[in-house]
Structure formats: C-alpha cells, structure tokens
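You will see subunit A twice below: alongside subunit B first, and alongside subunit C after that.
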Partner chain A sequence: MKTIQRFAYPIFFAVMAILPHVLDSRWQAVAITFLIFAVVALSQDIILGKSGMFNMGQALFFGLGAYTTAILNNEYGWSIIATIPLAILIPAVCGVLLAGPIVHLRGDYLLVTTIGFNIVFVQVVQNNLGGITGGPNGIFGLDSLSFYGIDLTSQVSVYYFAFAVLLLTLGIMRNLAGSKAGRAMHYLREDQLAAESIGINTRIYKIFAFALGAGIAGLAGTVFAVQYSAVSPEAFDFIQSVLFFSIVIVGGSSVPGVLIGVFVMFVLPEIFREFATWRFFIFGFAMIAAMILRPRGIIPATFGKIPKFLIKENNHGA
Partner chain B sequence: MDIFLQQLANGLTIGSMFALVALGYTMVYGVMRLINFAHGDMVAASAFVGLTIYTHVTGQATSLAAVVAIFLLSAVVMAVLGVVLERVAYRPLREAPRLSAVVSALGASLVIQNGIMLIWGPRMRIFPELVPQVYWDFGGVVISLIQVIILVLSLVLMIALYLFVEKTRIGAAIRASSIDQDAARLMGINVNSIIALIFIIGSSLGAVGGLFIGLYYRGITFNMGWQYGLYAFVAAIIGGIGNIPGAMLGGMLLGLFNAFIAGYVSSTWADAFTFILLIVILIIRPTGILGERVAEKV
Partner chain C sequence: MAHNELILTDVTKRFGGLTAVDALSFKVSAGQIYGIIGPNGAGKTTVFNCITGIYKSEQGSVKWRGEEIRGLTPYQIVDRGIVRTFQTIRLFSQMSVAENVMSGRHIKSKQKLWHGIVHSPWSKRDELANWHKVEEQLDFFNLSEFAAIPTGSLPYGIQRRVEMARAMAVDPTLLILDEPAAGLNDKETMELLQTIFKIRDKGVTVLLIEHDMDMVMEVTDYLTVINFGKKIAEGTPEAIQKDPAVIEAYLGSEDDDDE
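This part shows the complex of A and B:
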C-alpha cells in the first residue's frame, strides 16, 4: 500500500500528460471535461471538506468565472487570456461578499442559503439582467485560446491548459495543507469553539476559504468557456452544485477520492452511453450504498503528519 | 385592490400546499436533524401514483367515493415508501457523520426522481380533473372550488396534526424524541417506531400535497419535486425548522409572498425573490420566525 501511494501521483501525472496523444477527439473532449470538473470539485473540497462549511452552491462561482470570461470576450473583445485575472477575482470577491453575512449560520442553514445564492444566480442569468448574459440561451461563439499571437485553437492545447489549471489547483491545496491558514481551517472544521479558544479568527478563515474556493472555481469556469466556446445557465444549475457536493463527500474529501468521484460521475456515463436514461437512477443507489458502506467516504482524508496515536477513532472526518 | 384580493386567494392556496409539504420536512428534521431531500420527490411521485390509481384502479371515475379512494390509496402507498426510504437510506447512517446522511438523502432523491421518469416517462403528464370546474366571481376576484377544497382540507389536516402532536401520548413521545433521543429512550419510548411514524405522517401529508399540486396545476413532471420540495423546505426554515406550527406559518407566508411577487412584479423572478427573502430572514433571525434561539453548545 505504501509503495502504491508513493508511485500513484507520478504515474497519474505521467498518464495525464501523454493522454491527449493517445485519444481521439471525442475522448479528448471527455478528458478535458474531467479536468475541468476535477478542478471545480477540488475547489468545493476547500470549502466543504477542508473547512467543514456546508456549501451547496459551488456551481455559482464556477458559472461566475465562465460568464466573466464569456462577457468580457464577447461584449468587450478581450482576449481569453486577458480575462483570466478577472475570472478569478470576480468570483473570489463575490465569495467574500456572499459569505460575509452568512458564515455564522449553522450547518444546514448555511447549506440552504448557498443553494439560494445558486438559484438566484441562475435566475439572474436566465432573465438577462443588464442585457449582457444572453438570457436562457447563454453566450456562444467565443474566441479560441491565443497567447501573444500564438494560436492555441487545437483541442490538445485546451487539454494542456486545463491540465495546467488542475496542477495549479493541486499545488495550491498541497501548500494550503502545510500552511498556517490550512491548519486553521482544519481546526475550525474539527471543532469551531476549540479553534476560537486557541486564538483562531474563525470568521476570517471561513471567508478566506470561500474566497479561495470561489477563485479556483472561477478559473475552472474560464477553461469551461474556452472548451465549449459557449456558456449557458443550465450548465451552472443548482443540480450541478449537488453533484459537486456529493463527489466531495463520497470521495472522502481527499484528492484521490475526489478524482475518483469526478471520474465516476462524468466519465463513466460517456463509456456507458446506452444506459444514459438510467444514469442518475444508478448514481442515486451508488451514493446511498457508498455512504452506508463507507460513511467517511471512499478514501477518507488524513491531515498532515499527526502521529496515529493522537488521532482518536471516529474523530477524523466531517 | 382586485389584484390584491385575487393574489391573496391564490397565495393562500399555494401556501397551504407548501405548508403540507413543509410539515414532512420539519418533522423529520425535528427528530433526526436531517434534511430529507427525497421528500420533494416523494411529493412528485404521489401525483403520478394518484394518476395511475385513477386510470387503473378506480376506472377514471370522478365520484366523491372514487376521489376519496385515490387520496387514501396514494397516501398509503407513499407512507409505505416513506418507511422503506427511512429503513434503507437513513437508519444505517444515524450514527454516521451528518454529511453522509445528507448525501444519502440526495441519492434517494435521485433514485425516486429518476424512478418516476423510468416508470412514467420524461414528458409532462396531465393530472385528471377530479374536481368539477366550478368558479365563483366576487366582483372581479375569481375563486375556484379546487382552491376552496385545498385550503379547507389542508387546514383540517394541519389542525388535526397539531392536536395529535400536542394532546396525545404518542404526540408527547414525538416531542420528547425531538428534544433528546437518548433521554426519550430512557423513558421507554421506542425511538425507531417514532421515526417510522414520522415518516408515515410526513409522507402521507406530502402525498396529499402532491395530489393537490396535480389538481391545481394539472401538468405534472418527473422533476417537479426539486422545485416544490425546495420551496416547501424554505417555508419550513422560514417558520423555524423542527417547529410544526412554524412550518404551517412559513408555508402560508411563502405562498402569499410568491403570489404577490407574481401579481405585482413578475413570476420569472419568483425564485430569486423567494431565496432573497429566506436569506434576509436568516440574517435577521438565524433560526426562523418561530424557531427557538439555541445557544451554542459546548
């Protein structure tokens, strides 16, 4: 098991790096989708898994990023690359503004409020507020990726763009786990009162977690807009948030668990296309079974290098 | 003024349907501290079960006896389904981390919703006209017989439930279980039966709500459970979740609010306004209108 763990990441990265050259264009598209949704699920994990806040509105931040890129490109003629800073910043700032008044709410209330934000967002976009969101049809016909005049139109270059974003996300999460902020978030998830009593400003770190998760989801939104060269309201529906939420919990809020969850949720249906109508019926049963058999997730997260004897049984996890 | 009175009547009708569904959420939450995400889909399923009973069991009759039979049979079917749901998806997770139970509830919701789609098809079905189309016109304000029936029957059911929970021994056991399950067990209450009972009551009230939705809106779709379920859940939270009169009050308030938004602003903004109302209420009163203020436990 130890050796598997040591080699799993290098093998995973190596496979992902050569993957687009062995796939045909349909499966390249599936692989890009996997990368995009993996980034969103990991960003959800920062808020839900790492900090323990019941957020069920992650598609909102994902959508904000995608719409920022789409609107800036389509209405104002910015190049896609130039929209990236704002596609990260706008969701992050929205994360701070939305989370600010509600982070004190307890568990389920927070959950319903974040669902509410998601639904309000979709309705605003659908009703074409300000005349720039394209209404129910969304915005289509975005420019393709280019960088200082070098055209990156091919699907392989989009793949590597998405892969770079995933690597960046994994890097951020790795650094976070070893940082002061990451430890603070972990404590507040385990026991908010204890965290406060040892001097952690839980409010600041909760808002920080929302801002970070929102920013990363926004960046994934840019990749989404590039890949489909279009954005539409139903791609960021509250049902999507439910799927991201379930992926993080079923996966156990660990990186391999979340990646497996994204694979099962978004790649397997492409393989078993003839069962498309049965998809969610089967997933529903799978979610119930997974939770009953492994209540802490398929691969439960472990935190840092705490010696085993210090961790009480049942004390680790949401 | 006409718009006001008309929307008042419509709002009370919608509100009583929300309240019936909200009761299922709030009772389960009160005892299990779990958002039963599958409840909305149970409500949707009930409308389809009612449709099938109408076509295949009662032979498309619209006599009073046939209508009563449809309501009773649907309620029984949904009550059984509710007990099965609790037994399969929730009971094994009672000691598990809370989010695991939430995901299990979401899974159950997907199973029921897509089960409806696989059985009855993805297209909209038309609910039978069980109640004659009778309208009364009060100087521009039109009230239908269906509205009156929905309002009166909902009120009767809610008052009956309130009396049952407040005045009977079993009701006292329900209240005790929702305050402290372990203490209730020490007092000789079989908490498992109480939870099963709550699913029976909640699901049959939801079944009535689902049939009302079919009667009132006529068009029923397999995925309507999310929509009505979410609204009813919001109603339960506005009233103070876990609190039975709170769910009734929250349902009525939300119904009226929705009707006035539809009447004076636009129905395309109804969702957004509903959730803005919820967020504002939660910021002002974090535990809802009738919810008790709970001190943070250490």
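This part shows the complex of A and C:
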C-alpha cells in the first residue's frame, strides 16, 4: 500500500497537470467539475471522515462561497480574485456560528439539524432575500478570472485554478494529519469520552473542523462560480450534500478513496451518458454493494503518521 | 500552593432515587498509593467519575491542591494534573499504540489551531519533542515493539498497559486507575504491581479501585472501604483486614450470592 502510494501520487499529479492539453473542451469541463467536487468532498471528509460528525449540509458552505463570489462580483464589482478571502471567511464564520450550538448533538440528531440548515439556505437564496441572490434563476454573467490585468478567460486557466485549489486542499490535509489539531479530531471521532478524559477540549476541535471544512468548501464555491460564470440555488441543494456525504462514506475517508468516490459519482456518469437514466440505477447498486463488501469504505482511512524512529523494533514485534 | 492533596468532603451523587455515593469523605496525600475497595455496585467508579469531572456531584466538595474542582470539565481536570484510566478499556482502537500514547501529550503541546493548517519550524520542533516523550513512555511500559500496531488488535493485557502509558504521557501528579488488574492473568498482575510501584517512585500519587483483594493488600498504603456509597472503614491494609465491618460487608459477601 505504501509503495503504491509513493508512485500513485506523482503519477496522479503529473496526469492531472497535463490533462487539459489532451482533452477537448467538453471533457475539460468534466475535469474541472471533478476537481471542484473533489475539493468539496475532501472538505466534507475533514468534518465527517476525520472528526466523525454527521454533517449532511456541506453544499451549504459550498454555496455560501459561490454566492459570496457571485454577489461581490455582480453587485459590487469586485474582481473574482478579490472575492476569494471573503468566500473563504464567510463560510468559515458561518461554520462556527452554525456548528457552535449543535456540535454537542449525537450523530443522527446533528445530521437532521445540518439538513435543516441546508434547506433554509436554499430557500433563502431562492426567495431572493435582500434582493441580491437573484431568486430561483440565480446570478449569471459573472466576470471571468483575471489577475493583475492578465485575462484568464480560457477553460484551461480555470482548470489550473481548480487544480491549484485541490493541491492547496491536499497540502492542508497533510499538515492537519501531522498536527495536534488533526490528531485531536481523530481522537474525538474514535472515543469522545476517552478524548475528554485525556485532556482534549472536544468542543473546540469539533467547531474547528466545521470552520476549516466550511472555508475550503467556500473556496471551491468560488471556482464553481468561475467555471459557470453563474450560480443558481439548485446546485447547492440538499441532495448535493447527500452526494458528498456518500462519497466520503463509500470512498472511505482517505484521499485516494475520496478521489475515487468523486470520479465514480461525477465523471463515470459523463462517460456513460448514453445509458441516461440507467446509470443512477447502476450506481445505486454499486454503492450498496460497496458498503456491504467494504463497510469501512473502498480505501479505508489511515490515521496520522507516526515518526519512523518509533517503528524500529516492529520487524520482530507482534 | 497547597500540597498535592486530594480531599473529598461529603460528596453525594444521586441517580434519580438511587444514592450512588452518600456523603463520602476521604483524603489522598501526596506520594501515596491509595485504594478504594467495596463490593460490586458500591459506587466506586461513580466516585472516580465525580473526581474526574464526568459526573458532577450534587453535594460536597472535591478539593485538589486546595482548589475546588467539582463542576470542572474532564479536560480542565486533566490540565490540573489528574488523569484516569477506565475499567472497560477505552482506547482509540483503530489508531496505533504510539498515536494513542500521543493523545496524552495533547494538553502539553503548545501548538495552536492554525498549526493544523500551516506548520512552522517551531510547531515541527514541538511535534518532534512530543513524539520523543511518547518514545519514553513506550520504553517505560515495554511497548516499543507495538508502536505502529492498532490497539484494537492487541491482547487485553497489552491494551491495559497502553492505557496506562497514555495516562502517564500527560505527566500527571495524580493517576487514577479504575480496576487496573481486571482481566489480567497472575503474571500480568505481578508486572502491574511493579509498574505501579515504579510510577509511585517517579513522584506520582496513585489512587486505585480494585477487586483483587490480594493485590490491594500488597500494593496500597491506605484504603477506604465503601458499601452502598458510604464509607464503612478506612485504614492501612493490615487494619482493614481485621475490621469486622469490612469482613461482614465485603469479605463475607463472597460466600453469598451478592450481586
């Protein structure tokens, strides 16, 4: 497994780096979608997979980021790049405010509450609250990406923007795994009472997980708004949250697992478009089979790394 | 600062109509190995839960170094140097032995939340220093060879040692052990005795609940015997063994079908 990962990651990154140059424009769009949803699924993994909180409202934070970018660009004329800090910050702050009162709830209750938040969000943007969300049609005609006057209109540049966001997310998750905060999340997921009894303030780390997951999803929202030059309520519906939730559970809370999950959910349906309605029928069964055969996910979670100097005597150990 | 003393005064904990702990008072002095014994259902674990903040007692006071700790949360109590193990082992079972022990370093590590997103040279040094502390505990408890193995797949006796190593990684002043010998064989129990003495020699005060009478008599300096949540006797192991109230309530009950 270790050796597979050592080779698989560089190959994956290399393939992803040259991918837009070998694809036509339709498949470039599919690849961008893959990158965006991979980032959202990874952000969901921080909350659901790493910290074990049943969050069924990740599309809410994704949408908040997308709408922040869209509104600031459309109403106030900010450039897309300038909206990024707020597109991260607003979802993150909302993550803290929404999670604060509910993180003490047990799994299933938390799940229902987050569904509620997601539904409220979609209703708010659909009903054009405050007159800035554009109602059911959403907001369209956003500016394209530009950076210090250099216009990055082409789909290839959007692709690299999305790819950079994915790399950033993977970097954060790697740092998280080797830090006190990241381990605290694992501990509280495994046994909350034991975590408290060893000195971990679990509430802080649960809220931190929500804030971090929300911020990353918000950034993915910006990329989404850029790709379509538009945002609309149905893209952030509760059913999207269900998909992100399923990807993490079926994939198994590991980076390769989540990426495979996103590929299966969002890219395979594009490849098998001819089968139209049949594809979801097949994917439904595939999900059921995956959960029965591999209840901990296709590629199960591996926890934080331990330093090499601790593994010295393992070769003759148990 | 007052001595490292734990003083319970009239601690009472009720569950509905049941009084699990009834006006219990005792004092654990620095450097002692203090035992609490009593028949099943006497309220021993409830006392521990009241000390470590899992329950809040309705009445009475729990003073540690002269400070009232009743009503503090478990992690606040750990921060004051009191760490516990559980009767039913509660490890992070999918995680490796080293990671489990590392959880004890959580409260000592000074890393901030943002170090979870971006590392700094300082946070990397902090991380490494704590892993070296883990290494010390693994050596002390003879667990080095299991460092990378998930705890869930280890035998019971080793899991007990991992739990104690995790607690000791906090560098506690008071270590609370809830039935540390439960489920251990004779050889493992003997090793446990030696380990407890070694922990005491490091300057850590030990408070333990135990069922194994032979072990209690051998390891403890001082004992409190409780039954139905009330203290019925206290004293040195020798004195307790002769106490008629104890013999009747506890030792005598071995012949009965006491629940």
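Convention: the second predicted complex is superposed on the first by the 302 of 318 C-alpha atoms of A that agree within 3 Å, B and C clash if a C-alpha of one lies under 4 Å from a C-alpha of the other, contacts with A are read in each partner's own complex, and residues count from 1 in each chain.
We take it that a residue touches a chain if its C-beta (ideal position, glycine included) is under 8 Å from a C-beta of that chain, and two chains touch if they have at least 3 such contacts.
Note that this is a predicted model, so its numbers are computed, not measured.
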**Prompt:** Which partner does A:Pro295 reach: the first (subunit B), the second (subunit C), both, or neither?
**Reply:** first
**Contacts of A:Tyr187 with subunit B and subunit C, given as first, second, both or neither** = second
**Prompt:** After superposition on the shared chain, which partner residues are touched by A:Gly116: those of subunit B (first), subunit C (second), both, or neither?
**Reply:** first
**Request:** Based on the superposed arrangement, let me know which partner A:Asn175 touches: subunit B (first), subunit C (second), both, or neither?
**Result:** second
**Request:** Considering only the touch criterion stated at the top, classify A:Phe280 as touching first (subunit B), second (subunit C), both, or neither.
**Result:** first
**Fill in**
Overlap of subunit B and subunit C contacts on subunit A, residues 193, 317-318
**Item:** For the subunit A and subunit C complex, residues of the former touching the latter
**Value:** 172, 175-176, 178-184, 186-187, 190-191, 193-202, 204, 208, 212, 301, 303-304, 306-307, 309-314, 316-318
**Prompt:** Which of the residues in subunit B end up touching subunit A in this complex?
**Reply:** 29, 33, 35, 88-89, 92-93, 96-104, 106-115, 117-118, 122, 226, 230, 233-234, 237, 241, 268-269, 271-272, 275-276, 278-279, 282-283, 286-287, 296, 298
**Request:** Would you tell me which residues of subunit C are touching subunit A in their complex?
**Result:** 52, 54, 73-75, 78-79, 83-84, 86, 90-96, 98-99, 102-104, 106-107, 109, 111, 113, 115-119, 123, 127-128, 131, 134-135, 138, 144-149, 154, 166-167, 170
**Message:** Can you tell me which positions in subunit A touch subunit B when the two form their complex?
**Reply:** 48, 54, 101-102, 104-109, 111-113, 115-117, 119-120, 123-124, 126-127, 193, 239, 242, 245-246, 249-250, 277-281, 283-288, 290-292, 295-296, 317-318
